[in-house]
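Presented below are the structures under discussion, each in the form of structure tokens.
First subunit A sits with subunit B, and in the next complex the same chain sits with subunit C.
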Partner chain A sequence: MLKYLYYFSSALFLLIMTIVLIIITYHLLHKRRTKIFKQKKEEWEKFLFQYLDDDLKLEEAAAEMNDSYFYLYDFLKPYLKNLKGNDFEKLKKLTKTNKMVDFFLQKLEKGNREEKIKAAAFLGKLGEKRALPLFKEYLNSNDKNLMTASIWAIADIGEQELFFEVLKTVLKESSFTFEALTEILIRFGEESCYQIKKFLENNFSEENNLEEILGVPDYQSLSLFFDIFGYFRFVPGVEIMVSTLDSEYNEEVLIHIFKALVKIEYPIAKDLTPYLNHNSWVVRSQTARYLAKIKNNDYLLELKKLLTDEKWWVRYYAALAIFKLGKEEVLIDIVKNKRPGYEMGIYILDQAGDLKVGEVESG
Partner chain B sequence: MDNFYYILLIFDYFAVLYFFLVNGTYLFLNIKAFFSIKKYWSARETIEFENMFQSEFYKPVSIIIPAYNEELTIVDNIISILSLQYPEYEVVVVNDGSKDNTIDELKAKFNLVISSRSYRKDLETQQVREVYDSADYPNLVVVDKENGGKADALNAGINISQFPLVCNIDADSLIDDHALLKIIEPFSKDWRVVAAGGTIRVANNCDIRGGQVKKVRLSKKSIVRIQVLEYLRAFLFGRVGWAALDSLLIISGAFGVFKRKHLIKAGGYSTDTVGEDMELVLKLNRKLKKSGREYRVVFFPDPVCWTQVPEDFQTLSNQRRRWQRGLGQSLLMNKELFFNIDYGLLGVFTYPFYFFVEFLGPVVEILGYLAIFLTIFMHSGVPSVAVLFFITAILMGILLSVTSLLFEEMTFHKYEKLSEKLTLVLYAFLENLGYKQLHTIWRLRGIIDLILKKKSWGSQKRKNFTNN
Partner chain C sequence: MKEKKDKILIAEDDQSISRLIAYKFKKEDYEIKIIEEGDKVLEEINSDDYDALILDLMLPVLDGMQILKKIREENIKIPVLVLSAKSQEEDILQGLNAGADDYLTKPFRPDELLLRLKKILVD
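This part shows the complex of A and B:
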């Protein structure tokens, strides 16, 4: 026992000393890297600004900034995020001319895991289409970080041809939240709305095989699609949303339809009474919100009824709708006569600030 | 005498087995933490926290700060929180019947006026005296209530909070400006996440300006340096390692984010324990596992919260006794998990590990020391095996500390000077010569406090952050 304990403690001691040496080495390396980066940054900053100000030619700037590509990537990261328009285009040209794009394309294919992820982020930001075949391949990668990096990169490039490929991948990845899915898909831009519309016309309105194609229940994909329509205020999408609008349909989808309609602010020719009386309080509240947005006075009676709804948000949106429809006299009357719903009336009038509650109450 | 020697021998073997089991688990956690941190570090490349500002899809959050006699730190802390980078949040400060001038400080500095806000009493709390809004900061609300303890104050904060996520931050802590974005990011990306914790670091002697830690410096005080090591070990390998096994049992009360609806469903923080943070996570785990819902409790090493640690032995001793008592209470309140296969790894391994090692560890350690002394006494000399075992135990402790330092060096580089890092290595050795034994005694007293059903929290001497 003594012998083994002796060996074990000796091994532990050696291990500790090795780790301490690694710590020291890491420290020195980090210090050196920080120093080099600082020096490089000072030089590069000068060249980049001159180049962006047209004081330095593309080739000259590329010649000055054509080494230490990983440092250069760290240096350019904030510019890639923040530059827009012509400046961004110039930056793209610079990274092509100084062979940085080629370097990262190679790293995307043959680098280690970290290098591949870094390359994906960089090439995605630049919108480098030559990287798309590899991104497509990495959509099926077992490495979740690499897969995610590829998803974001394709979305950043906005490659419409891969929209449904990405869509299927993200829908399959069951841990993504609804917000994350939408966040990814809206990066494809408004153009994707036309693809979605066409896809829905073929596979929802006609064939009704959405679930078969996308591998998730209809209500999930539809909610997502309508959310994207709403985000882009996509008026041509209203038609398919209206055709889906049926008070018996899945309430999740109905909620997303009304949320999208609120954003698009487009009037529809459909009786909305069933939705103002829907079992789901979110549907009721969103419908009231929608009526306010499109300035539809036809449902004033239903809105007044909703002032006594059991849910605060429904009462709130109903009162707000009445107010926004220019019918504040209805609220004043309710408050004055202390009719049901007068508390919310007071709240809305008070929030609006143009009427003093005290005045209203005293008539 | 022979029988006694025989019992002693059995205990010696048990101690060796215990030692290898415990340290084997710690080493395993270390390895898991290493890969987890590495993965997290490379994933950061794909996350653009700034994008959350432009997104419609962020999740608004209510930050709850319970305060009891915090007149020295509360204003700095709130200013730090109000300067955080996050698209939509409210700060709910709960004055838990402070005996000092906490509420007057708040009224004076933030121009408080009586609020007209109505709120749901989802959780039972002590009586709320008044709710205030700030005329200067529209997203600040202050609740003044009767004293009911930290858990009660947090529950009052949860009641008044209006957003789907709730973040609790201690009044004596500061958080990095991007920390909130980083800790909430997983809630936006993964629907299974119900709770997330961040790393707590030691703020003593750091350069703090505008409520933010500008330069990290290692304190000159030995007691603080040892705590720096303890915090690094606890967070960089302990919590990260357990989280990688989906078995995280603690999210520090100083900095954690929860989905409000699950807090309400779980009945909020328990007021009959001083370890309400651990009890809550245990309770959440228990209830969510029981409900069959898929969920995750995650931990991230990067979102950083800075806290002042005790600088005198009396306060530190009180704190550690309280922690040990809280640990015991939390475990006892959730004993249903103990070796319960229905709760998976959590029931069959994590909970028993916490019970036998983290909670009963001091008892085993004290008995171990006694056994060594008795063996020496009975042998009329120091047997080399006992000495070597003692050295091995020290070396294991040092190994765990230096690996945490290595993780720190590979990633965050909070301490800039090599001398500070080497000082910490030195303290990884020095802490074994007296401090660890003292710590074991404090923890043992915590267990005794639990048996004696002691209720008090003990007091901590506060320092203004700007005096650091």
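This part shows the complex of A and C:
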């Protein structure tokens, strides 16, 4: 019995020692890497700043910054992310001249998994089109991280020809949040709106549904598309949104349509009363918001009714709409006579500085 | 006699960016101080005579929008230029409404930042 206890404690001791050794080694390696990076950063920083400020020629800067490419990538990352225009172009020239782009193109093809992912992020950020065939291939990779890095890289490059390929890939991947999906598609730029519009014109009708092509319920893809239209204030997309309003029963889609219309600020020829009385409070509030944006005075009565809505946001947007439509006298009247909804009237007028406390009390 | 240098406070938590801005501005003969945490900004403004503040909105501890509101609430007259990755129209309007004198979105051009800073200093 004692013998087994001895073996067991020895094995346990060895295991603990191995774990401790691994932790120490990892810690030392990390410390060493951090130290090297810090040294390199200090060294490179002055050359980079001089180069960006035209105090150092491209070739000279490239000669000073042409080693330890993975460290260099970490060093350049914040500049690639935060600079634009001429400064960004200078960074592109620098990374071409110092052979960093060639290095990462090679790593993208033949590196290990981690190297490929880093290469994808770097080449995507630089808009390096030579990497596109590999990015396209990696869209089908079993490695989710490599696939995701390739998706972002293609989006960063904004390659329109791969737009739908990326779209199908991201839609079938459940790991992306709706916000991430929107962010990816937005990176393709406004041109993607024309692609979406054409796609919807060809494939979305009473007879056809998008699910067969895109593999997700129509409301998901439509919500995403209309979000993109809204982001780019894409007026040519309004017509499709209006025709969707005619046929669409899904409130998720309605919400995205009105949110997009609020951003686009384009008037539509349609009776909006049903949406001001919709079951979904988000649809009601966004419709009120939209009326204010397009300066439409035709629904004042409905807006006044919404001042007593059960949802705070609906009351808020209704009162704000009345105010923004230039009808503050309507709100003042409601407040002074303590008519239904006067509390929100006070809130909005107070915010706008149009109301003195005494006015309500004496009203 | 040498003219007094304009003193600029940069509140930015990304060292790479704040140091780049500082490099450029120092060449233009500005005096620069960098702060990385939001809660130190007000203290710093009150402790020294700054001519302008370059303010990132996403700062740790206390975010830039709160700082901006406090600056204006306390009626501190310092010109503020917001430099932020928040680039939606609503964000810009919100920043300007809160009392920013100018708003520049990231990614940005350091030359443009310098020109805009010069403008708010003159104004």
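Some observations on this one:
The rule is simple: the second predicted complex is superposed on the first by the 318 of 363 C-alpha atoms of A that agree within 3 Å, B and C clash if a C-alpha of one lies under 4 Å from a C-alpha of the other, contacts with A are read in each partner's own complex, and residues count from 1 in each chain.
Heads up, the rule we're going with is that a contact is a pair of C-beta atoms (placed from the backbone, for glycine too) under 8 Å apart; a residue touches a chain by one contact, two chains touch by 3 or more.
A quick note: this is a predicted structure, and the numbers were derived from the prediction, not measured.
By the touch criterion stated above, A:38 is placed in contact with neither subunit B nor subunit C. Counting the residues of subunit A that each partner touches, subunit B and subunit C differ, and the larger count belongs to B. Touch criterion met: A:148 reaches subunit B, while subunit C stays clear of it.
Of the two partner chains, subunit C is the only one touched by A:88; subunit B is not. In the superposition on chain A, A:16 makes contact with subunit B only, not with subunit C.
In the three-chain superposition model, subunit A touches both subunit B and subunit C at residues 81.
Interface residues of subunit A, counted against subunit C in their complex, comprise 45, 49, 52-53, 78-79, 81-88. Interface residues of subunit B facing subunit A in the complex, by the touch rule stated above, are 39, 42-43, 45-46, 48, 50-51, 55-59, 187-192, 384-385, 388-389, 391-392, 395-396, 398-399, 402-403, 405-406, 409-410, 413, 418, 421-422, 425. Residues 1-2, 5-6, 8-9, 12-13, 15-16, 19-20, 22-24, 26-28, 30, 81, 113-114, 117-118, 120-121, 145, 148-149, 152, 175-180, 182-183, 231 of subunit A are the ones touching subunit B in the complex. If you check the complex, the residues on subunit C that touch subunit A are 14, 16-17, 19-20, 23-24, 27, 85, 106-112.
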